[in-house]
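Per-chain residue numbering starts at 1, and chain names A, B and C are given in the order in which the chains are listed.
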Amino acid sequence: MTISLGELAVRFGCELRGDPAALVDSVATLGQAHGRAISFLADSRHRRQLGETHAAAVVLDRESAAGCPVAALVSENPRATYARIASVLYPQQRPPAGVHPTAVIGPQVHIDPSAHVGALAVIGPRTTVGPRAVIGAHCVLDQDVCVEEAAWLVARVTLGRGVTIGARSLVHPGAVIGSDGFGFAPDAGAWVKVPQIGGVRIGSDVEIGANTTIDRGAIEDTILEDGVKLDNLIQIGHNVRIGAHTAIAGCTGISGSTVIGRRCMIGGAVSIGGWLSICDDVVITGTTMVSRSITSPGVYSSGIPLEEARSWRKLVAHFKRLSSLYDRLAAVERAVGRRAGPARGAHDD
Amino acid sequence: MTISLGELAVRFGCELRGDPAALVDSVATLGQAHGRAISFLADSRHRRQLGETHAAAVVLDRESAAGCPVAALVSENPRATYARIASVLYPQQRPPAGVHPTAVIGPQVHIDPSAHVGALAVIGPRTTVGPRAVIGAHCVLDQDVCVEEAAWLVARVTLGRGVTIGARSLVHPGAVIGSDGFGFAPDAGAWVKVPQIGGVRIGSDVEIGANTTIDRGAIEDTILEDGVKLDNLIQIGHNVRIGAHTAIAGCTGISGSTVIGRRCMIGGAVSIGGWLSICDDVVITGTTMVSRSITSPGVYSSGIPLEEARSWRKLVAHFKRLSSLYDRLAAVERAVGRRAGPARGAHDD
Amino acid sequence: MTISLGELAVRFGCELRGDPAALVDSVATLGQAHGRAISFLADSRHRRQLGETHAAAVVLDRESAAGCPVAALVSENPRATYARIASVLYPQQRPPAGVHPTAVIGPQVHIDPSAHVGALAVIGPRTTVGPRAVIGAHCVLDQDVCVEEAAWLVARVTLGRGVTIGARSLVHPGAVIGSDGFGFAPDAGAWVKVPQIGGVRIGSDVEIGANTTIDRGAIEDTILEDGVKLDNLIQIGHNVRIGAHTAIAGCTGISGSTVIGRRCMIGGAVSIGGWLSICDDVVITGTTMVSRSITSPGVYSSGIPLEEARSWRKLVAHFKRLSSLYDRLAAVERAVGRRAGPARGAHDD
């Protein structure tokens, strides 16, 4: 795909500083771009590479444009504009309509004629596949599943019975949606399985990463609202509800029945306990342990950055002796008459 | 399935407060139940919903029964009783006996006539599938595997050579059991692979979550005893042994050769080091780092709950300066004659 | 396979203390070995078992050899020598050359006649499978993939378009290599997907664990150099580069664009942030949070080991009050004339 800078400027509402007839046909990083490649600058980290770029053009903000040695497409949101330009230059290769002859299709299945069902996919009874949807190779859809218009299961996705995937959602290989939640009742030293009767409803424009797992509800449904973005290897427990446009990075786990608001950004390897409520517009940094509800928008953390191991061991030893530290301080306070506390500090229980 | 309260009371040993002829046909939460739905109360968190429920009946304990506005099934263990009732109302839809024509069956395989082998399953040489076992669509069983009576591999489960799955065990999609353990010997700046010769033995009534991985042993076997319950995205290293009825929540990892006792409850995102021993009846809360053996039953933790990020950064800075804090305290102690220590505190090494 | 101790000694450069004609045919642990089983001692943890072993021979170092009650193969690197001997006794059962009739092969695919393609594998257009490579059952290879000589995809491996797997690399079931990176641009309260155009290049002699995920690059490629070893359930973000012979344990996540050096050893459940650089020969212990670059070889940590829960809660409470502790100490210091600081300590911002 080749396109002129002038057309890009018009199409994506950019100010063009350069020749509108100049052509681009690919994207590249500032450092690697040459020929007809377009690049972008959306992060001050890379500003020093701008001056030396050989890109045909760079998408950037007004502030950076002055230092651009080549044609500039000035945008208020260079990353989003770059994303849209890249989508034009690298259009998705949607596979052709039709059902591969090796696919195994159950009874009462409705597959829209414009949909694609790939090699060796298995589609269970009473499942519906909407217009232009893609069911990639080796997907397994249990009974009563609904995959809506233009949703795309890349390959090897598993959907349990009754799962709904909203329009234009994209699910990566290995994702398992609608497996049983982890529900057991202790009884006489063993566990009685609690049947997991609820479903999973995935909204529109959701993306779900590779090998991510989303459990079906125990009684009611597990829900991902529109525009949610999940990275790889995330675990979503039963009856979790994730609000629209919340994005969650890889290796994060969310325990059952927790409700997460809209537009949250949750870092990697975060652990969120069960039965909690997190309000809209919360940012949680990577590796945080969330063991209580969050009621105010803001940024939250609990990770401790690394140290050289010898220093770290000393810090841990100090930490583990904090009780005695408080006691010693209280004793000194009493000795200098700063505090009339009891022999043991008020911090002890 | 429709059943009377009287029959449920007799079958599950409950005291019935209400009309034994009243019928139930479904389950629902206290808040959503209506018509013939039965609900349960097993957690004080939900007690305030009890007074407003429109359930046909509620399973609850004696203490809560007084506040129940509808029929009550009084049980000493409401969650377990609910689980059993739900299993009656929602019986498992076990697929029919027989081997799907698209399954690929190797030589010398024995499949019981009452077992089900789903579409596109691959079963390797000398594998045995017991009575009423279910091998779901897209499962891959390597050679010499044994799946015992009524075990159920939901779909897309991978079993390595020689793996044994005990009776009535349930394995969810994406689980990989019997892949090579992570064993390498350093040699001249590179790694020599240590052949992983052991197997994996899964007991009876075990449940294994979606995309969970269990490595085969290096020499001897990796073992899960009867009744173990594993959630999703758990990693079990080679030669781990997990005692009967231990339950482990999602995203937890257990390194090689660690032995875990019976009836333990291990929270989500716990990390357990290698070559450790954890005794019976240990509870480990979520995100705990286990780097030593545990020899006494009890509850163990090491996670730190989140703070607002600005406060958290300050706490981390304080933590990182603990050495100087101890030094300053020791200096003050010497100044007030409370302690005849050396210039540097005894905590330094 | 049966082999004499004399042949093993010659082949692997060991000093033999014992009968060179004695035969071994299997491996076993020191405790379980009997008959013709060979064992090894590479860890002082197991030395006390040496004196009681009934192994036919033991591979060990010079220091331990004196206490060996049976034949000894003395090696400078007993674990590596054991690994090589085990590989001889348990040779890999490479499946036969040829393409299984149920495999689905796209157009313009080149499969070397000595390669194996297993049951129900799907191979996309223009893909190349090299000599003696193994594509196991249920693998899905998208278009333009290259699997080099003697590489082995065990089963159910997914490779995205354009992915390259180097010679002799081994990939375990459920691994997904080449799924989209997690790239989105915020725009008006929602997310615009950034097309993920880069590829993934896996070097030679790499091992990739079960259900591990490796994202394709956003623009340039994600790269694993030769000899890298990844355990199970690891997440590798887009544009990560991992240096040769680095080994990473399970449940670890590495965010996008981070570069990791050669010969690093990274423990389990480590979280590494994005856009970082970690130099060669770094060791990171399990559960560490890496939020800054590492420029010196060494050992790094940030995990805090567990405590009994009641003690732990007290420590956390102490930790959360560290600001007041610093304040109280500063007040005492002023009271005893040790420090002329302001009313609030210098640690506050």
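Annotations for the structure displayed:
Throughout what follows, contacts are C-beta pairs under 8 Å (C-beta built on N, C-alpha and C of every residue); 3 or more make two chains touch, one makes a residue touch a chain.
Only a predicted model underlies this, so the values are computations on that prediction, with no experimental measurement involved.
Both chain A and chain B are touched by C.
Judged by shared residue numbers over all numbers used at their interface, chain A and chain C contact each other through mostly different positions, with under half in common. Separating the centre of chain A from that of chain C, both taken as means of CA atoms, is a distance of 24 Å.
For chain A, the set of residues that touch two or more other chains comprises 120, 138, 156, 174, 211, 233, 251, 269, 304-305, 307, 319, 325, 329, 332, 336.
Within the complex formed with chain B, the residues of chain A that make contact are 104, 120, 122, 138, 140, 142, 156, 158, 160, 174, 176, 179-180, 182-187, 189-195, 197, 211, 213, 215, 219-220, 233, 235, 237, 251, 253, 255, 269, 271, 273, 275, 283-285, 288-292, 294, 298-302, 304-305, 307, 314-315, 317-319, 321, 325, 328-329, 331-332, 335-336.
Those residues of chain C whose C-beta lies close enough to touch chain B in the complex are 27-29, 32, 42, 45, 77, 79-80, 82-84, 86-87, 90, 100, 102, 118-120, 136-138, 154-156, 170, 172-174, 205, 207, 209-211, 227, 229, 231-233, 245, 247, 249-251, 263, 268-269, 286-287, 303-310, 312-313, 316, 319-320, 322-323, 325-326, 329, 332-333, 336-339, 347-349.
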